[in-house]
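In the two complexes that follow, chain A is the common piece, with chain B as its partner first and chain C second.
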Partner chain A sequence: MWLYVARRLFLTIPIGLGVTIICFALVYLAPGDPIQSLLPPDASEADKIAIKKAYGLDEPIPVQYVVWLGKALIGDLGKSIQTNRPVIDEVMRAFGNTITIAVISVVLAMGIALVLGIIAAIKVGSWADRLSTAIAVLGISVPTFWLGVVLVIVFSVNLGWLPATGMGEGGSEDFSFLEWESLQYAILPIIAMTLTPLGILMRTTRSTLAEILGQDFIQTLRAKGLSEWQIIVHAIWNGAPQILAMLGLQLGYLVGGSILVETIFTWPGTGFVLNTAILTRDIPLLQGTILVLAMAFVLINLIVDLLQTLVDPRIKRT
Partner chain B sequence: MADTNNPTPPKRPLVEVRDLNVNFVSREATVRAVNGVSFDVMPGEVLCIIGESGSGKSVTMRSLMQLHPKKRTRITGSMRVGDHDIMALSDKEMNAVRGRVISMVFQEPMTALDPVYTIGDQIAETVMRHEGVSKAAAMERALELMQMVKVPSPERRLKAYPHELSGGLRQRAMMAVALSCRPALLLADEPTTALDATVQIQVLIVLRKLQEQFGMGVIFVTHDLGVAAQIADKVAVMYAGRIIEYGSVKDVLLKPKHPYTLGLMASTVHGQNRDQDIDAIPGSPPDMRFLAPGCSFAPRCKLAQPECLASFPEPNDHGNGHMSRCFRTAATTPAMEMGIA
Partner chain C sequence: MKRSRPSLARPTITALTLALTTFALGAGEATAETQVRVAMTAADIPDWTGAPDQGYEGFRFAGFTIYDSLVNWDLSSSEKAADITPGLAESWEIDPADHKRWIFKLRQGVKFHDGCDWNADAALWNFARIKDDKAPQHNVRHQTMQGWTISNVESMAKIDDYTISLTTKIVDSLIAYQLAGYFQISPCAMQAVNNNYDEFAKKPSGTGPYKFDKVVPRERLELVKNAEYWNPKRVPKHDRLVLLPMPEATTRAAALLAGQVDFVEAPSPDTIPRLKDAGMNIVLVPYPHNWDYQVRVDMPPFDDVRVRRAANYAINRAEMVEMLQGIAMEGYAKFIPSQTYYGNPVKYEYDPEKASALLEEAGCKPCQVTIAISTSGSGQMQPLPMNELVKEQLEAVGFEVQLDPIDWNALLGVYFGGAKAFPQYHGVNVSLSSIEPVQAIMKNSMTRYQPPNGLNWGFFSDPETDALGEAALNEFDAEKRLALIQKMHERLVDQAYEIFIAHDLNPRALSPKLKGFVQAQSWFQDLTPIEVVE
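Up next, the complex of A and B:
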């Protein structure tokens, strides 16, 4: 088991390196010259060279990469071109904001999906089954940005119950989930982010469990005299690898793909930062954000993978 | 039910099934899987049910444990096991009977065990469920059971997962699960069909020995007459959802009174290969959705007469509990001797 963990950890190194190369290459793939957006249009050649030197852009590309990687490894992702603040600080603050609502959304989605999915799988055709199918269809087909806008119109504009944007007066510094003053800002973004993973996880849970409940060994469990609930517990352990895989994927999507939700609600997370960085051609900020997101994705996959081997003995543990 | 303190010595049967009918209802058709089956099993007795694929053997067994899908199944008749009137039990009472009074061993050891639980957990779980003992005590029992079913290095095997065991060991583990609460009745649905011939015999020997040791009643389904001859006290031959011949193993296998049993015997003489033996009777069994009023075997029977197609024959008594349901019983023995049936 530990050997497997070590090997799996080792395997993430090349993946991580690949990610850094792609992030680094962004500078050259992105259209437009970042230097240009920093300098006035009538800047002299000498000024340009000076700026290039200041940002290390005059070295050969491989050297630039190694230098960049070395710094990245110790947490130095350079400075934002626009704000001149360290990228790592900006990204990590934003990442904290994103990961909190992403984790809350996905936990919420998984909880509801499990409860309804289990009832639906036991009683195919029951009200819970129909409800879960309806939610699944809604979750999968309703676009998040549309839902976000509708939520704002209904709950902020018409009813005036909840604030539409931001994180509250003190911003992310003073934000606390324990105080209604700030918590109320998170509710609409969380609802908007929950629906899609809820639909997908519900469908996965229901179909996985229904498939497992049809397998031969379930009859053995029944013949042993186990209660319906004990049988469900067996089914859940059997379905856990598939459900975990989907859970990890959904969390990954939420962390990386929340641009729309964060932009609608001006939630200062990574999606919001990405949006700003792209619009202002702030390459170091863009690089840093993508790098952190990609690493989070790799990490989530690693955790899911390890959890899977933990619950399913058939996945070889050597 | 019956008064157990009754001083009269003739032992009460452990299992009494009377006129069992099982129909599966769906929108398209009704499958009449079991039609008026009656039999007894005495305590400590092994009843073998033999018959072609689809003749209703497994359905009969599953009825005794109420393992059919509730909505689509119509069951009539009466079934008693020990003091339990199976038809009258609530779901909860039935759950308490399953695994404790009646246990079942299934055909496919590969798919009948939960792949993500260890063997030990799967045995202990049953013990804990029915006897309310601690996990440690249940694990101790699991170890004893593994020794009883002759699994080598049982301590290690308790911690193994099903996919880490060979087919024979898996089936023994399955038996350990089934025997964990010392059931009065063991239902074994072709427990050795999926195993190699040599492994098959080892498993049978273990089963027979434990059956005698526990004084368990066993209903054993098999396709293989050789297996039946080794293990059975009584034999019931099923065809199209009915028992068409029933009696002691000697009577049925040596002096068959039904042309179908005779056909089974004849087709087994040569190849002892499992599964394929029975198919040697020409023709195929009837469609259980459209059963004709007459003898279901008549269309394939060499001795059939017009009367066979008119109504289903009543039981003939051949003495010593030997029964057959055939209008042409009188012609069966001569036919066997001439080797034409």
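Up next, the complex of A and C:
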């Protein structure tokens, strides 16, 4: 098991390298220049050269990449071209802001999806199944940016129950989930972020359980006299690896930050940072954020793999 | 003894009363703090160390608030286009014996927020911060972001404690306009942190009407009133200014409606009726903004002035304004009519027949052109529907227009690179300011500013324009200079060196509890007169 964990962790190195090489190449393939949106229109050639040199942008692209990589290996992700602030600070602050609402959204989505999925799987074809399926379809189909705007209009503008934007008066530095003053700012972004994973997880749960409940061993369990509830627990335990796999993927996506949700709610998370970095060609910030997110994605999936082994020992991780 | 009891009790009661009064007053002060919360269009806090980025929005909120320039903008009126006014320099004059040497008299008795004195030494220290790469306070980022404001200044010298001289590279009678935005930061504050700009950012110090209080990167910048500001008329009438980046227009409108902000930049046209219904004040004032096409005049078809004029006659500007629900005004020239430089240029009233006839005459029908446009961007308004409408109007008279939408950063690359580097384009749609003559018309029309030496993207070259520009730069009599600039503007419009389409009206939405804001006809705004009335 530990060998497996070590091997998976070791694999993060080529994954990180691959991701950053592709990202670096894509940024340069796209038209535009990292310093163009930074410079004032009247900047002189001398000023342009000076700033390019200051950020190492006067070097050939492969050299830039190697220099960046060398520093990244010792934990220095450089400075943002646009803000001149250390990338590691920018990324970690944004990551912290995103991970909190991402985890809550996925947990919420999983909880609701399990309940609805079980009901739908037990009563396939019933009105409860149709209702649950409709919710799942809604979750998958409704664009999150539209939902975000509607939530703001209804709950912030019209009803005035919840704030529309930001993380509170003190910003992310004073944010605490334990205080209503802060928590209220997170509610609408969480709802907007929950809907899509809810739909996907609900559909997965329903189809997985429905399939398991139709298998022969379920009949055997019934013949043995187990209660319906005990049978469902068996089915859930059997379907858990698939559901966990989907859960890990959804959490991974959300940790990457929902650019649209975070922009609508001005939630200063990774999606918000990535959006700015892409539009301004802020390569160090883009590279740093993507690297951290890639590592997080790999780690989340590793944890999911290990959890799968725990719930189903037949899946061996060696 | 009997008298001792009351004598002991009295001071106790007095002390208690005093304490309670003090507490009550203190509490009163705390709750009475007034704040103005602004939703900016920027996605991040502009640099607040005296070298603002993110275009003029950065200058507006993180520049002129904390810092002053030698020359400031007079933003006190919405009736006329803003002009310059003395800032940290009380006056300036050209040396009669040397038209490259300016004498600036500095304002006395001004202190930076940290108590450091403003004087000639501070001015020279700030000059080295931008210009002298060997000076310990030199900073490449400041050089880049502020260098353009003193690009024509060769050297600066101290004459006495409150007098300096500036020597320019070329004769430039309009130099003062470029200095309005050259921010002065505190040498003492920087020296206290060993010229470390990251540390300076934690406690920046200028001379402006607001002092830095705190910042949460990407989230908020909080400034507080500088009660000792040197210009008593501009001491803020509120205690705190909170600047919040909010790039999404719908979010800004929602935040205003939900009471989370008080002042919103650039609400989208479709949200304005809803904001009005909710009692918000919508402010619309012309300002020197241009939404136009810069065209390439060194190759067909726009090398023919008839084609350029045809394009200008083809534009139905009223239809454009209607589509934008009134947040823009019809644009017929580079300057807006309220600017003194406007003069009396020819007006290309919508005339599709004339446009069509001009194209026939020029032998360019269908007249194929490709225009680079952006999907969004600073000052670009609503580029996609606006460009679609322009395309429709141009095609109605005989043009065949291909729009090439690219992202804002890429479009800037096309614009900065000059037309010859992008032979596939006959024009670009980059919105520009026309604050002052050098930037508005000289740098994008005179032959000497063709790329890579300036922003004359389309390689416009006209001896008459060049002569008028040179004459204006060499003319130190204000009235005569103004007449030359007006003539130059009239000449450029006559030559249709751009396709003039619209000027933004700078919409802002304010909570009804804000009083006293005067929206200047400028890219910059003075927030100090705003009072918060609960």
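Going forward, the second predicted complex is superposed on the first by the 252 of 318 C-alpha atoms of A that agree within 3 Å, B and C clash if a C-alpha of one lies under 4 Å from a C-alpha of the other, contacts with A are read in each partner's own complex, and residues count from 1 in each chain.
Operating definition for what follows: contacts are C-beta pairs under 8 Å (C-beta built on N, C-alpha and C of every residue); 3 or more make two chains touch, one makes a residue touch a chain.
Bear in mind the structure is a predicted one, so any value in this text is a computation, not a measurement.
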Using the touch definition from the top, say if A:A109 reaches chain B (first), chain C (second), both or neither. neither
Residues of chain A touched: more by chain B or chain C? C
Could you look at A:R314 and tell me whether it touches chain B, chain C, both or neither (first, second, both, neither)? first
Given the touch rule stated above, what does A:P40 touch, chain B (first), chain C (second), both, or neither? second
So in the superposed three-chain picture, is A:N238 touching just chain B, just chain C, both, or none of them (first/second/both/neither)? first
Looking at A:K224 after the superposition, I want to know if it touches chain B, chain C, both of them or none. Which is it: first, second, both, neither? first
In the superposed arrangement, does A:D216 touch chain B (first), chain C (second), both or neither? first
In the complex, chain C residues that touch chain A: 43-44, 47, 53, 55, 133, 140-141, 143-145, 147-148, 151, 197-198, 216-220, 244-248, 250-251, 254-255, 257-260, 406-410, 412-413, 415-416, 432, 439, 443, 452, 455
Can you list the residues on chain A that touch chain C in the complex? 30-33, 36-48, 50-51, 53-54, 82-85, 89-90, 93-94, 149, 152-153, 156-157, 160, 163-167, 170-173, 263-266, 268, 272-273, 275-276, 279-281
Given the complex, residues on chain B that touch chain A span 65, 67, 95-100, 103-104, 106, 108, 111-118, 125-126, 129-130, 161, 163, 174, 177
For chain A, which residues are in contact with chain B within the complex? 215-217, 219-227, 230, 234, 237-238, 311-314
